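First chain A sits with chain B, and in the next complex the same chain sits with chain C.
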Partner chain A sequence: MTDSNGRRPAISRRDLLRTAGAAGAAALVPGAVAAVTEETPATPSPASTGEVQGQVGGSLPSEPAPFFARPLTNLTARETEILSAMVDRLIPSDEMGPGALEAGVIRYIDRALSEAESDAADAYRSGLAALDTYSRYTRGGPFIDLSTIDQDSVLIDVQIGAATGAGVGFVGGSGSFFNLVKSHTWQGMFGDPEYGGNVNFAGWDLLDYPGVRLRVSPEDQRRMEAGQLEPVRRSAYDYSIFE
Partner chain B sequence: MSTQLRGTDVVIVGLGAAGGVAALPLAEAGLSVVGLEAGTWLDQRDFAPDEIRNNYRDWPMLVKKAEQERPTSRATSATTANQIGGHPMMNAVGGTTLHYWAQSWRLNPWDFRLVSETTRRYGASRIPYGSTVEDWPFGYDELEPYYDRVERELGISGQAGNIRGNINSRGNRFEGPRERDFPMPPLRWTAFHDRMADAARSMGWSPFPGPAAINTETYQNRPGCGYHGFCNKGGCPINAKNATHITTIPRAVDTGNLKVVTRAHVTTLEVGTDGRVSGVNYVVGSNEYFQPAKVVLIASYTYENVRLLLLSKSRAYPDGLSNNHGQVGRHYFSHHQGAGVGALFPYDIGAWYGLPAQGVAVDDWADDNFDHSDLDFIGGGNLWAMSDRRPISAASMSTYGQGRNWGSAWKRFIHEHSDRTHGAYIQKTTLPYEDNYLDLDPQVTDPLGLPVIRITGQYKDNERAIAAFMQDKMEEWYREAGAIEVNRGGLGNTMGASTHAYGGTRMGDDSETNVVDRWGFSHEAPNLGVLGASVMGTSGARNPTLTSQALSWRTAAHLVESWTDIAE
Partner chain C sequence: MKVSVPVVLGAALLLGVGSASALRGQAPTTFIVESPTMTTGRFMPRDYSPDGRNLSPPLSWRGLPIGTRQLAVISQDYGAGRPPPWVHWIIYNIPGDAQGLPEGIPFDPDQPMPAEITGAVQGNNGWGLPAYRGPAPPPGSVHNYHFAVFALDEELNLPPGLDRGELLLAIEGHVIGQVDMVTLYERQPMNEFPR
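Right after this comes the complex of A and B.
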């Protein structure tokens, strides 16, 4: 090839791609065109074994994987409380299984605000403050102290864009703040555990999603259609090809 | 200061779907080719099945040129254009073929002769008011050998419906005659696809599997599809998707005649005093280069093709290169792919694994395959029931009026219904109109300070009438297959930035209304060629990539045959 960079970078591809936007990483070069990589799972990472439970309130225990080994960095303790109460109503823990908090959605969002979603940090800051203000004005107390029924009714107002009023301060309307948080909550609940959410595959289990596979045979497809395909509990990045 | 490089025979601007194909016949003919690509090489190890990255963030792009120059759009010239939404195109060697759906359709013969066929069958008054549509300068038969060639060079799977006039009802009986079968059988069907096909047949329709640039068996030493479910905006981790970075481009590199330059951001084309193109200016980081060439082929997607021409002003072309007839940016249209239809089924449909190119097509209501005498539109749509489901998107499904889309009741809903929803993809005939066009935005620029493209465009009565008609047909089909709820999107208004963007450098014999001639070369600057859907004057009811690739091969083959006339 006549590309200017002839060698693979020394650091791993997952780290490279994670930091590429900010750091301007070296160009990647193609491997052999005909190479067919076998579907070989690597040793599961802590992210996918489910031993790590999501924490609320900014005091995560020490954890072995580098991208886990830090406390919440973007959300303040107060913001974390409000956001936790909100996502706990969006996807509650109940008889159907774990909710957003156990699935690590707070950690997912906090990390995302340092990475791909850094543009959203101001919207979280102002939106969480506005949610609390709106709760005080209309329901007589801070959002975290409301009953779940009142919390839900506040969130319905916020979702449909009705959370307005002097001093409430949703930038661009309360509906867009709701959609932002909902979108990130769904990513944290149902996305790949590599990003800090979907702990214990709680989101995928709720959907009965049978997991990340690189090849699905006709027999696998038939088993899935019969509801008999065992789920694969593995992050995409636990396949050695993507490390 | 700009560094002047050694001259070359041909420069291709952009090594994606179109440029990545044209490079091969040129390099094989012994021409010395420089391929300037804004992106970098990526490979299968970069293509983790990761929905957050593929579908919600930025994919593994290391260069985001297209994203930084995404067009602004507005419905009419009376309003201000806004730069909203992301840009779906990919900067990399192979371009958007790395993550596209890989549906690889031929156009219907009617699409090439839309004006004359409509006039013959229904009268000239049926051409929609204000449309600038023309017949192509040639018919389907002219392009058939090039379709056939690229189907083999790339590797297209599918089921033929018409081989030299012999109709096979397992394939598309409405397709134009093909010389021979596809090189590979079609992608497999699931139980749900079988059910949809049965429903279509019970209504007297003709279902068939769609064509795809995806291996279904070992082809060119690469394996068949793994059906892993992350094909939509995902690269293939087993190299079964036949993107140009693993097909035509490496073979062109192997000839020793293609030099690939990555991270090359082309800014303008240079013109000599004779009105011929003399080469290309580009930057890599903060370094500027001038690459002289005997022939320049621009293949950088519709928006960037038009933008490069409009930005390349010179004494010979004061309004932009090859724009002395004012046609650059005209006859633009974004394919009407919206106005979708969704359905909820009372049974799991088994869509967790599979891909958007795998499914059941119905062409009974496409093109002119049905009588339009008593209808208020011409053209139609291709109904496509595919497989496409991933966890986040599944959990984001409509609740079809069955309550809020969050909370405990929703958890029960999604647990039961996550695999019971389906969204139809319906591509529709879309026409060019006088007041739909591309130009340079007067305010918004890219990081280099160069204006981005502005789309002024609106779907008209014909497109909206097709959309409403097709939604009815899709609902009938879903209901026949047992759907218990059906919902519909809006009929379409403003034409936004699209992965199916046509026109702006239209191909035709008349230099008063077209930028390039029947071979893809400029009517004004004879050594300038244009590759990609920007040369297409009609969309048909199907994806543009294969047609754009067949045209690219044809333009390259013509250049080889006519080298002396064009280059010297």
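Right after this comes the complex of A and C.
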């Protein structure tokens, strides 16, 4: 969706849970991880990784699986379902473009939990379980089965810390868990695709980010301010100086 | 079940509700505020808290002052907030012919208000959210929750998102009736109410 100047509206429209539920949500893909037990790492669905149909088919059997098709290494199937439903409410797909699921945020988070954010693995484990327990206790069903309105209502309670006192197992406060996931969702949505998220530059498109540039001429600046600059869609790591 | 007992404000409690003053030279009159699900001085159901569905509770009123054009409601806890009160809910621009508020006012600003209160909007609560969020006192403590209802002499049609101070300032001089209904709440942890 664009304004009269052909530009996308500001990201604030999606600023989560300030206007909870304002944007329509893309439906989750039921049973996307059904083949995996709750205890084993999950292989997320295309909808939760940003995988575009047909991409896998282009790979030869002897080639290593593309990053987006490899099994998750940290999140279990159950955790993946709950986290997918959560990030889908944080940045839903709508008329402005793909949301967090399509941008590969789940895979970004799973990878981060093995690397730079490994200290957060326990917080995810306990937080996702507590979120689901809180949903069952207060809304009568698992988080993934709630209506989007009820999911938003639950997430608001988690965000403002009100879910903490329900005794459902949030460690250090429900607001801390919410902020952790929100922060990682933003990173996965808007960070460099090198880290596994921002698939097809969905996040940068949403922000109208002009892309990584080694130089910006006055003409580039003028065109950018006029909304006419063609964005560069390359990872920073595609430039030799960042390698 | 309609068991609520209306609370009529005395002058002292009136001062505690806020700084919104009545029409110059006139004290606000009282009227009756009730709820089909809550009772003054009793614990409110957990569905109006984050131990339940966190719905806004229903209210009803009658005997409004003659000349009431709009109403406003503030739900607040004088036992919390720095400084108190902590605000749980603000809703205003309620039509003067409305007989109350139904349960579960939408928290999504894009969702329409119920037909009987068309035009009503919500202000920002203590969390900065334009929505109802119910009682969440520290576990083991009982807090009082005030539902202050203001009858106004003019259709002010205020913008959404006002905080408590802004609303009280905006309605100052227009309050012709004011009533405070007080309920209680204590957290009800999951292990006490297993599903």
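Here is the rule we use: the second predicted complex is superposed on the first by the 170 of 243 C-alpha atoms of A that agree within 3 Å, B and C clash if a C-alpha of one lies under 4 Å from a C-alpha of the other, contacts with A are read in each partner's own complex, and residues count from 1 in each chain.
The definition used in the following text is that a contact is a pair of C-beta atoms (placed from the backbone, for glycine too) under 8 Å apart; a residue touches a chain by one contact, two chains touch by 3 or more.
This is a predicted model, so every value here is computed, not measured.
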Contacts of A:Asp94 with chain B and chain C, given as first, second, both or neither: first
Partner chain(s) touched by A:Asp152 [first = chain B, second = chain C, both, neither]: both
Which of chain B and chain C A:Thr138 touches, first, second, both or neither: second
Touched partner set for A:Gln228, first chain B, second chain C, both or neither: neither
Which of chain B and chain C A:Gly167 touches, first, second, both or neither: second
Larger contact residue set on chain A - chain B or chain C: B
Overlap of the chain B and chain C footprints on chain A, listed as residue numbers: 17, 20-21, 152, 156
Complex contacts: residues of chain C adjacent to chain A: 50-54, 107-111, 127-129, 131, 133-134, 136-139, 187, 189-191, 193, 195
Chain A-touching residues of chain B, taken from the complex the two chains share: 40-53, 56-58, 60, 62, 64, 93, 188, 190-191, 221-223, 226-229, 237-239, 245-246, 250, 253, 258-263, 348, 350, 352-353, 391-392, 394-396, 404-408, 411-412, 414-415, 418-419
Interfacial residue positions of chain A with respect to chain C in the complex: 17-22, 133, 136-140, 149-150, 152-153, 156-157, 160-163, 165-168
Complex contact set, residues of chain A against chain B: 1-4, 13-14, 17, 20-21, 24-25, 27-31, 33-37, 89-92, 94, 96-97, 116, 152, 155-156, 182-183, 186-187, 189-192, 194-195, 203-204, 206-210, 212-216, 218, 220-222, 224-225, 227, 236-237, 239, 241-242
